[in-house]
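All chains are identified by letter, namely A, B, C, D and E, in their written order; residue positions are counted from 1 within each chain.
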Amino acid sequence: MTSVAWARRRLAAGRFWESFRRERAGLTGLVILLAAVAAALVAPLFIDESVTSVVSGTGAKFAPPSLDEPFGTDESGRSILLMVWWGSRTSLLIGFLAALVSIVIGMVVGIAAGHLRGWAGAVLMRITDWFLVLPSLVTAMVLAAILGGSTFTIIMAIGVTTWPATARLIRAQTLSVEARPYIERSRALGGGHWHITTRHVLPNVAPLLLASTTLEVASAIVTESTLAFLGVSSNKTSWGTMLRASYDYGAATQGAWWYILVPGLCILAVVMAFTLCGRALEAVLNPQLRRAGA
Amino acid sequence: MTTPLESAEPAVAQAAGSSGSTGEDRPAGRGTLRYVASKAGGAVLSIAMVIVGTFFVFRLLPGDPVRNLAQGRRMTPEQLDLERRRLGLDKPMLEQFFDFVGQTLRFDLGTSYEYKRPVLDLIGERIGATLLLTGTGLVIAVSLGIWQGTRAGWRHGSRFDRVSTGVSLLLWSVPTFWLGLLLMMTFGVGIGPIPGILPFRGIESVDAPDGFGYLLDVAAHMALPCLTLVAVVYAQYLLVMRSSLLEEVSQDYVNVARAKGLRDDEVRRRHAVPNALLPTVTLVFMRIGFIVGGAVTVEYIFTWPGLGQLFYEAIKVPDFTLMQGTFMLITMSVIIMNTLADVVYHVLDPRVRSA
Amino acid sequence: MTFLELDDVSVTYRIAAGEVPAVRGVSLSLDAGAALGVAGESGSGKSTLAMALLRLLPRGARLGGRILLDGEDVLAMKWGRLRAVRWAEASIVFQGAQHGLNPVRRIGDQIAEPLLVHGLARPEAARGRVAELLEQVGLPTWRARSYPHELSGGQRQRVMIAMALACSPRLIIADEPTTALDVMVQAQVLTLIKQLVAENGISLIMISHDLSVLADVCDQLAVMYAGRLVEHGPAGEVFHEARHPYSQALAAAFPTVGDPASRLAPRGLGGDPPDPMRLPSGCSFHPRCPVAREECPTLDVELWPAGAGRRAACVHVREQSPAATKGETS
Amino acid sequence: MTETQASAEPVTADGRSTLLEARDLHVEFAARGRRARAVDGVNLAVGPGEIVALVGESGCGKTTLARTLLGLERPTSGSVRYGGTELSYRSRALKAYRREVQLVLQDPMGSLNPRQTVYEAVAEGPRIHGLPDEREIVASALARAGLRPPERFFLRYPHELSGGQRQRVVIAGALALDPKVLIADEPVASLDASVRGEILALLLRLRDDLGLSALVVTHDLGLAWNIADRVAVMYLGRIVESGPVEQVLTAPRHPYTQALLSVLPESPERVVLTGEPPDPTRIPGGCRFHARCQVLASGRAAEAGVDGRCRSEPLAVLPAVPAAQAACHYAQVAEADA
Amino acid sequence: QEPGAGKKVLRVGATQAVDSMNPFLAVRIVSTQVHRWMYGFLTVPDSKTLQPSPDLAESWTASDDGLTWTFKIRQTNWSDGKPVTAEDAAWTFNKIMTDDAAKTANGPAVENFESVTANGQDLVIKLKAPQASMLDNPIPIMPKHAWEGVTDLANFDGDKYPSVSSGPYIATEHKKDQYIKLKANPSYWRGAPKIDELQVIFYDNPQAAIAGLKKGDIDLIGRLNPPEFEAMKGDPNIEQWDTQGRRAAYLQINHGATTTDNKPVGDGHPALKDVKVRQALHHAIDKQKLVDEVWGGLARPADGSIVPPMFKDFFWEATGDTKVTHDVAKANQILDDAGYKKGSDGVRTMPDGKRKLEFRFTIHTDTPIEDKLAEYLAGFFKEIGITLTTVKLDSSKFSDETGVAATFDIAISGWSVNPDPEEILATHLCSRRPTPAGEGGGTESFYCDPTFEKLYQEQLKELDRTKRAGIIKQMLERLYTDAPVIAIYYPNNLEGYRKDRVTAITPIPEEKGLLYGGSSYWPFYTVDVAASSTGGSGGTDGGGSNTGLIAGVVGGVVVLGLAAFLLTRRRRSAADDRE
């Protein structure tokens, strides 16, 4: 039956694409996003770690943008363009991984809390609620400060503080899916917990999960840059650490606006792209979900 | 920013769904009391979890806490011993735990090593500034967000809607600190033709005048930090208000209201907006933690003498008792705010009240 | 005396995918104090027609034709005048009562609201009127302080009716007031409506997909299919001897208990309701019509006279009534 | 529950064979601190090839009874028996049981996962039970449910179908497992009047062609008249009258049934019951209907001298017999007199 | 009216808030600085020579064995009019010696005191052992009458204003994390300062502080990093003050760390035990390049050891053969000769061929300069076949790993040196190594060298400054050649002030010395500023902007009002025709 399944999937994807294409903002976001991800992925083909090395900074210090250096140079004469390019790898990686951590925990807990009745669900909900109210930036700062600000801890700190929102969302969605008659029908057909969660709940929360992931990545990138700026992260070059450096080296007071603007605008563009994309996804997917429930 | 923007669904949606009760008016008072009690119980449990969690997380610290505190300054062994005894580190873990819990329950958050003073005193000295900043910021952000959200949602798809949603999303995507820096550079220091007219340090001038002048002075000092805070947080209120208004607008009762001959703005004012406000109001409380996070950054940039700055300093030094104390206090107040949100919702929404 | 007259009313919704002709050229008239039933399956445009009467359609809907309410053209009214007409002249009981009430406001306030809006009563007087209205629909007066969720479906529907009566309108439009209600409650509500209309001399337009219910309450019946009127006439006649095959199918769908003809023989109509965006050519009903003929897919059907005060849009009808050949309609 | 019982068709006391049976079934819920006795003592039997209609007003426990019969809800006491054996709630046994008894719900849109194609929706049952030749099963189930040619529908999504087609898909999904009994909870309530008859005709045809038994839950007496062999009238968690359709619907004995019939549009005289719909958390003593009973209210019960018993003496639970019977003091006395 | 009109006010920026106004507790530099302005000490470094000169102690004598010191306390008054007596000083020292809480800030400074007694204006301090640095005592003399009532010193914030002071300034106001105001002490024994008020204004971050200086919110700022210093460049109103600093930056090398019982501790690389390797490392470092690239030229390459050149008396610099020059060839030569062979990957191995010369370099998190340094060092060492990888630790872990656990190979370090270098030298004593129980003693690099120990004991007893300087220089040379630490540069002291405001200021030492960074009140005693015109001194921070603000507020209100008016009007007119 694979041909049927395939045809169906193609059809679904096609329809999805049709409606997504109508969301202009989302489409713009997607384009920016793909460009950024592609650039980050191909970066090693053109440049390597050495662009972030102070020893190899060749240009003049704080050289304003010019033909040679389209985005100017930093305090060590390194090319901002190349640094931003290379730094996008760290920023995006942290964004994606932290979102992944958050989403995976959030999904498992959310579905479990929604699906399981009785005390297990209640306990999970209680834990989620507890984590939910923890002020996430503050908690992430504490975790990073205590565990040291390595890339791994930063990812964990962001992931661990942001999953509850996803869990809540997924739980709500799970509950509403579970209230649908087709779950009852599936149960009447003899389906067990596993069957119901994987065949019905998961596919129905997945779109939301996708949208939520997109927004989560955006927020993780911002959080990472904030942590870097507040100096609790000891990451390799990322947009956040670049901004921190621009600040440390007085780019603002020395009039090196490009040093502040470029990484900041990169964050802004990518985060905005993710946000637009996520919202568009939600807008496209949610009516479908809603229609399904109405 | 931590949560998907518009997911402001408080647990109410489900509660409201189970309507259709036919019973007579049950004594609502008792139900509310029970509800409040259960919520308070939940909050107490959460706070207990915070206390326990904090104890263990802070025990994860590598190295000898006392030496950590000394930060490499030379201390005689006697001094170290004394410090250790003072912090109770010579006792077994379990005893330390009970001591810690006991102290916390007595509002004794320990003594800051850096400031050599009770953490609670330090917090007390700074909480006012933070409340002023976040309070003002919140009020402005909420009113602005709700106002714009209402307009945008009511005229869904209009230019106002597109522009305000776009702008708020843009601001939402901006890292707080970056925006703060830009604002500081632009309006504080001045760039090109823009003179730096606004102060960007602290809460008041060193030689602040008295009386009304003082208020003005503080207001001027608050302008930039507040603007930053508002710019970053108001988007969520706008978007939530907008989407919950959209939700309400598609409800039949809005159509009924129109059919009754109400003017467009009456329909909005009397029916749609009050109902759409419910989730937004809850969100205001629920996202207090978010504001607090923003406050840390903003206070750092604008030298605002508040809790956020204290916390940041605690992290930088690092002063673990101070960090632990501020963290617990911030978290607990956020928990309490959330509980309040639940209760407020409960009071505001009759559907939940008797559910 | 004609109180309400619809002349070639059409409504088209504009949505992303294109245009939805929801109501197509409906002409009807209603005498003061009379009750008209509109039947038709889901999506046939009943609610749209009802909303059109007070221009309550969402933005993006195009309304054509003429609607004369007491001689005044609703479509030409200024907003201010229209608002004055709404509820004071004609009120609506919406489909799905549970959603028609604002969930967070007290019932009394909601009933009183039109009174206050139209300046018909001051707040204290309004309270008295609310009590009166509640009594009229058979609810205890203390219910005014309740919230909608504290009421059962039937009670809510009564509140909606009380609300509709608030300004003593001359026309009440009831859009499926009893769907989703239990048999017993349905009977209660129907009895109530019948009684109120009769007592107060109010005109009534009632919408339902259950012909038998309409036949019971109304004097006139109109059957809609795919946005068009396909049959119109006195209620009893249309129900018992429908001329249009669609009306016949509708009438047969609800059996009479005790009638041996329908025992163990459910009857229905094959095929599926048409998609308003892809209406079949000619007579829209032809793909499902058990008596369709060759020319049906190309024939322009209109309402042909089908007996005294009756009209039906079926080619079979035209053939039986010679007057129709002249193309005379209403 | 093992495979063997599927073939066994035990015989009840009165010598008639039954397939699915509820014995003194009670189902309770905790509702706002109170106990709601949603099903409060029900005996009901569905014989092979028989269509039984269960009617009653909203909230009387019809759905709960249906769900309990399917094993989706556990009875507080009493038992569900299938083929003479008591239903076991171990998951293996339940799974096996569910190949035999299938469910059709009121809302066909809701009963189909919007993300599954028709094919997947129908194939779900066979997949769960690991049946071979999935495609063939699906095709034949669709065909039997009247969706022909089945291949045309394989790739459709629920929202691309009309209401009637959706309900057929749901029925096909049930048929794919070759069940013996179909439990349909208001199968046509949300369908258009014109489509209704078609679906009911399909149910009748399935009974005739496949010998399928069915329990149809409805609040529509016309539906019972249309397709059922027997009807059971439920009030507040109990069956108050049951028997062959012709008998019960033309000569109702229980005042409640009489009231239900009287409110049908065609009926000459109308008895509109007053008062709130019944509340399963507060079941009155005596005859559970007495508070709303028109016979009692009009004084006819007093004339017959049963008003006291109506108010205080509870009625016995009706047994699961095919013959017409009513749980009413007045009716019993009146009949005895006649 | 402006309260500041006509007053002479100096506003000093600080990027650190005061931790405590209680000198027994305060350890932050900003606090000790403020306390220097408020309280007298026994001695103060001379403004020209930096040698101890009389402050509250008019004169002093030491017994021959160097164990008994007698200070004659100056006849002067506290700012509340009470006389300053030896009793105050004795109370201060005894308090620290006896009260655990009072030890917090300056406990080690009285560790060697046997007893302190007062006799009229005479203060007698008996020592346990000779201590040449006796005259560089860092403890402010506190007014006994005002402070002896404080029972719980540990929790006393010192926040009582106006303070009872004996220094040039009296603290009058302290807003936590905001500012401190001090006014001139009219009864100061040298005479009142020229200005009326001194304000210390805190900024959470240096960038804001620089912006504040540029904008004129503050007049002077010290302790700058090169970027901030650079940022002042080009501003016609600002004087960049770049002088030799008090700091030395060096690498500590784990050359076989041991505890006080001489047991090895930690996991240092064995190759570093070899002094040849350490010297080779030294040769490989291009200090000039580091200064240029890492410090933007604002430092001086270190050809000496841990005492910076600012302290002329004690500074020692290598010359001739002893001088380790940047010479990669020589470094390679040394290593080749010592049997560290290069492998195929260009990395050397130990003579026994077992371990590669791969060292860790431990630095702090969040210090961009150290990051940069690490990259340069890695580059230098690569050229001599040594791999260097960076380990970043936050400050608490850093001090644990490099000061106690010895789990490092090479670590960055630096020290601000006092006019008397005794303490910095002491950090290289055997006794400072951690105890076997793991108690840190405050060692740098776990050094324990008999020669060094002997010299240290000698200088303690040598009260003749010149002779003592000679011994100290020998110690520095020993550190230089034995290379347990390698000094890399002496960062300059970077400060700046507004020329348009500060009309006169005397640095310490007077010739191109420090302003804010010096351990003396001298610059701030001598400073003079232009009197504020119409309240300019009130801080443009508030005063200047008020007009702007009011204009802004009024403008904003007008605009908002107009907008609201137009909006409602539009709504009115449209309300009727909208749906």
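Operating definition for what follows: a contact is a pair of C-beta atoms (placed from the backbone, for glycine too) under 8 Å apart; a residue touches a chain by one contact, two chains touch by 3 or more.
Owing to the predicted nature of the structure, the values given are computational and were not obtained by experimental measurement.
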item: Neighbouring chains shared between chain B and chain D, ordered by label; value: A, C
item: Reaching chain E from chain B through chains that touch each other, fewest steps; value: 1
item: Any chain that touches chain E and chain C; value: B
item: Pair with more cross-chain C-beta pairs in contact, given A-D and C-D; value: C-D
item: Inter-centroid spacing, chain C versus chain A (mean Cα positions, whole Å); value: 51
item: Interchain centroid distance [CA atoms averaged], chain A/chain B, Å; value: 23
item: Whole-Å gap between the CA centroids of chain D and chain E; value: 88
item: Touching two or more other chains - residue numbers and ranges from chain C; value: 152-153
item: Where chain E touches two or more other chains, by residue; value: 205, 211, 214, 394, 397, 578-579
item: Multi-chain contact sites of chain D, meaning residues that touch two or more partners; value: 276-277
item: Complex contact set, residues of chain B against chain A; value: 1-7, 9, 13-14, 42, 45-46, 49, 57-58, 60-61, 166, 169-170, 172-178, 181-182, 184-185, 189, 286, 288-290, 292-294, 296-297, 300, 311-312, 315-316, 318, 323, 327, 330-331, 334-335, 338
item: In the complex, chain A residues that touch chain D; value: 1, 4, 7-8, 11-12, 180-182, 184-192, 195, 199-200, 203-204, 288-289, 291-293
item: Chain C partner contacts - residues on chain D that touch it in the complex; value: 57-58, 162-165, 192-201, 204, 219-222, 225-227, 245-246, 249-250, 259-261, 263-266, 270, 272-274, 276-277
item: Complex contacts: residues of chain A adjacent to chain E; value: 53-55, 75-76, 145, 148-149, 231-232, 234, 244-245, 247-250, 252-254
item: Residues of chain D touching chain A in the complex; value: 67, 70, 72, 91, 94-95, 98-99, 102-103, 105-107, 110-115, 117, 119-120, 123-125, 128-129, 134-135, 154-155, 159, 170, 173, 177
